[in-house]
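Alright, structures below, take your time with them.
Next come two complexes built around chain A: one with chain B, the other with chain C.
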Partner chain A sequence: MGARLLEVNNLKVAFPVGNVMAEAVRGVSFEINTGDAVGVLGESGSGKSVTALAILRLIPSTGRITGGSVKFAGEDILSIDEANMRRLRGRDLSMVFQDPLTAFNPALRIGRQLLNVIRTHTSTTVQQARTRALEVLDLVGLPNPARVMRSYPHELSGGMRQRALIGIALACNPKLLIADEPTTALDVTIQAQIVDLFHKLRSELDLTLLYITHNLDLMAELCDRAIVMYAGNVVEEGKVTDLFQAPRHPYTRMLIDCVPRLEDSRNRELTVIKGMPPTIGTTNPGCRFSPRCPSAVERCHVEYPEESFEAQRRFSCWNPRL
Partner chain B sequence: MNDQLLLEVKSLTKDFPVGGSLLSRITGSTPVMRAVNDLNFRIHRGEVVGLVGESGCGKSTSALMLLRLLNKTRGTIRYRGQEITELDGAELTSFRRQVQMVFQDSHSALNPRKVVRRTLKEALRARYGKTSDLEDKAIELLRTTGLGADVLSRYPHELSGGQRQRIGIARAMAMEPEFIVADEPVSSLDVSLQAQIINVFQALREKRGLTMILISHDLALVNFLCDRVLVMYAGEMVESGDSESVMKHAAHPYTQALIGAVPRGLAGRGRQEKTLAGTSEVLGEGCSFAPRCPAAMQRCHEIAPKNTTVAEGHTAACHLL
Partner chain C sequence: MQNWGIPRRYLLLLHSIGASRTGLFGFCLVSVLALMAIFAPWIAPYEPTQVDMLNRLQPPSWSHWMGTDLTGRDVFSRLIWGARPSLQVGILAVLIGLPGGFAVGLLAGFYRGTMLETILMRIVEIIAAVPLLIVAIAVVGVLGVKPIAMGPFTITNEIKIVVVLGFLYIPGLARVVFAVAAAEATSDYIRARRIQGVRDFTLIVSDILPNCLSVVIVWGTLLTAGGVLAEAGLSFVGLGVQPPDASWGVMLSEARKFIFSGEWWLLFFPGLAISLTVIGLNLLGDALRDILDPRHYTGPRLD
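== the complex of A and B ==
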């Protein structure tokens, strides 16, 4: 196992709702070691993207980190100044966004955007930077890198754009790559290509990956460990194999059972999670999932469940599954 | 199952002009992009048919033509034996009532300035005329899609994506259609809400014997909901057959690749399946899938393959067969 790379401790992020600040991330803690691939699983509004943005200190200006700490390579990155943070971002800490079209500047050629990143973060000559740029575009499997360099983002297909974006994220050999739903906007066949690419990058570069997704099956193929988030809290964390085979939190179980799978028989009844996730600002002293939970007991509605720890696993539930 | 033929599509083709001047467009000499090429299929009453393929393969274009929301270039579309492009007057009104569509993006499919009550009552009035029990009928519709009367006075933006999608279905059901075309009805929803919508369709199909075309790129969903599946690639149908037969014994390399691309969860860990390289491109001669096909031979690049029967009711267009 690698050294501790990222340590998120009791992170809280709030956004204004009306005239009060409402917590979108409500005390999230987790750790990542070098070489790990960790999945963050959750529905929209679960706080998974906000958590990622908070690690990069990129949350929208209305929001605020209201508590907790984020340690990256031993350094508390919530307290370093903006200039140092900028040096970190894109070099040691890199991110791939969901929509590759909006992540690029549409008016600049791919090559220019790629060279900008490389030259900002490393002291290389233009020629060296160019060599590196061609190298990473080749690494992410883009045919004819020189032509891609000359292209504008709109001239590439969705899959190629996402590859180029991953190339930019990898250009400076990041210690941690955060990918936020990188395949959601893509076709299934292209999604499979990108997942293959992440597999390849993991084995070739020993990449440390934080992979945010709502697709359980995809995450299970790619990650070793997963964090399940619901309404701003981590409700369960464990090895992917454990989570799938024997989830302890009812929400994890229901997430697994609510999607149809290829091997399903026609008549399987899909598990329905009744109701909707709470909207931001909803207060509830108990477990946030309790209004939708079929196994909720009295206590679940009034008291937030303490975290229980087992071998390589933790979960927050008063009435866990056996 | 009832064997009554509801929809029959023959040689359906759609060309879109690309570039060219106005004059050349009028004279018909502009270069065209063939979005749908020679589509043939039949749908019987009570069948649920999945239409799958990557974006740009022509599945939505085909759906729009079936609803007469887009003009075809060539071919015939017969609904209950009648060519739909020849319908007018009362016949067209009746067709419009019997065939309904559920759109992918429920946000843009609903009028943002109308509360749910108005949206539903408008549809109900078109169906039943001005009667006094429209409110009750609206509530009944909401119930069939799993919603309560409390949403009647809400605007679309006050509803969640799942609720909005159910309003879209309720509105389509207001016409008591016998045929529904649903274009990616769950792909914009969160996983926990998808199951709710899938179950609504299951119930409608079982209780009302609804006939449906489900357009989706989610093969697992299609396998789950549909009796039959049509696979499209670059405007052409490359494989069709019973869902089970197609999913278990996919004959066309493209269908195999589509199935191979579905994430498998734990079962997919460490899987070394070759994913399909490249993206879909339109070309001239031969099989349109040949440039991406792992099994392509010389012949594939020269001659377009014909439909071959793989099993009963299961055909594929591939030279390998």
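== the complex of A and C ==
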């Protein structure tokens, strides 16, 4: 196990809803060590992406980080100035997005966008930057890197674009790569290729990865540890194998059950989690999942569950499945 | 297809212009005009200022295609030379207005919602409230129509007009650039580029600016037509090109006296030249907008 790289402590992010600030992330804590691959799992609106953006200090302009701390490589990055923060982004901390088409400027060639990032963060000559760019495109498995450099984003396929985007993210040897649903916009065969690519990069570059997704299978394949989020809280965290085999939180259990399996009989009804996740701004003194939870007890509705700890895992539930 | 080293997208642009009939017509008109202006000394059969008192007020004939004027100068030759000040003023004014319009529009659009945007765009609105021709007349009126010598440079009357027009073009250009830049600034790829740690300056210059180019090309074309009209108008009232030099405005001005006496060619040809130029530039601008703006575009795809 490597040294502690990222330490998120009681992070809170709020957005204005009407004229009050509503918390989208309500006290999230987790840690990542160098070399880890950590998955973040949750439905849309559970605060996964906002957490990631808060780590980069780039939440949408209406929102604010209202509490907690983020320590990256020992440095409190919520308090350093904007110029230094900008130098961290794209160099030590980089990110891959869900939709690789909208993440590129449609008017510029891939090469220009890639060289831009390299030359922003390192003091290299154009020639050195070019060499590095070709190297990185080759690393992410793009055939004919020189041609990719000359291409406009729309000339590449979805999978190639995502590879190129990962290439940009890796160009300056980041210490931490955040991948925000990097395969959601791709079709299944390409998804598998991208996951393979992440595997390869992890073993070759000793990459530290924070992998945000709602696809459990891909996460299980890629990550050692996972965090399950619901409505802005971490509800469970543990080794991926433990989470899959013996989830403690009912929400984790239900998420796993929701995925249809090939061996299921055709007549089995698909499992759904009844109800909707709470909208932002909903206040509820108890567990946020309690209105949808089949195993909720009286206490769940009135008091937020304390965190319970077991060997290498934690969860917040008054009535866990043991 | 052989392309003589011209990038493919420009060939496709030409191809798309050709695909729309009105665009092609506009493109041809503007090309003819530009060729006329560039090659005036070689095309024009006579010197534009050459007086021939024996052959004054001749109707169109084989030796003088568009007739001759009061002092026997060849109307056709003067028409060809007259394309020069028209296009000079039209194009140079846009080129002067462009950097200012771009700078203001890009900054205000990128920093939308900040103090900077408020200040810049309010100043732009103040300038926009000033009527173009009136100011041009006032400036030339104050400075006089004679060339002003400033050290090694002489400021000709055309330069004064061009500078005033260019300055007054800034608001219009700034607003169109602002609209595009503001939309681009909130797009996903700008967020992505921020996450990659790219500087604001780089974002503005190398990301947003290229995306504003198409609207600016369209606007620039349309504003060029405005410049042609302004030059003709100023020359007509005697504040632009000075006689005996040829300009369409000067020719019209001299032809005023002959409106009712039957020498129609003096009035007809310069008027036609101005109309065709403005029509051509407008048609070309419209065609370019259809091609460059995908929301309006219905023809073959350009990529």
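Points worth noting:
Methods note: the second predicted complex is superposed on the first by the 318 of 322 C-alpha atoms of A that agree within 3 Å, B and C clash if a C-alpha of one lies under 4 Å from a C-alpha of the other, contacts with A are read in each partner's own complex, and residues count from 1 in each chain.
The rule is short, and it goes like this: a residue touches a chain if its C-beta (ideal position, glycine included) is under 8 Å from a C-beta of that chain, and two chains touch if they have at least 3 such contacts.
Treat the numbers as computed from the prediction; the structure is a model and nothing was measured.
Under the clash rule set out above, the superposition-derived model of chain A with chain B and chain C shows the two partners fitting side by side.
When the shared chain is aligned, chain B comes close enough to touch A:Leu262, but chain C does not. Seen from the CA centre of chain A, chain B and chain C lie at an angle of 80° in the overlaid model, rounded to the nearest 10.
Look at A:Ser157: by the touch rule set out above, it reaches chain B but stays clear of chain C. In the superposition on chain A, contact is made by A:Ala103 with chain C only, not with chain B. Contacts of A:Val272 after superposition on the shared chain: chain B is touched, whereas chain C is not. In the superposition on chain A, no contact is made by A:Asn33 with either chain B or chain C.
Once the two structures are superposed, chain B and chain C can be ranked by residues of chain A touched, with B on top.
Of the two partner chains placed by the overlay, only chain B lies in contact with A:Thr241; chain C stays clear of it. Once the two complexes are overlaid on the shared chain, A:Leu216 sits against chain B while remaining clear of chain C.
Here chain B and chain C sit at a least CA-CA distance of 7 Å once the structures share a frame through chain A.
Of the residues of chain A, not a single one touches chain B in one of the two structures and chain C in the other. In the complex of the two chains, the chain A residues touching chain B come out as 43-44, 157, 159-160, 187-193, 195-196, 214-218, 220-221, 240-241, 244-245, 254-255, 258-262, 264, 266, 268-273, 276-277. Contacts from chain A toward chain C in the complex involve residues 56, 58, 86-91, 94-95, 97, 99, 102-108, 112-113, 116-117, 120-121, 152, 154, 168-169. Looking at the complex, you find that chain C touches chain A at residues 187-199, 202, 206-207, 210-211, 303. Those residues of chain B that touch chain A in the complex are listed here as 54-55, 160, 162-163, 190-196, 198-199, 217-221, 223-225, 243-244, 247, 257-266, 268-269, 271, 275-277, 279.
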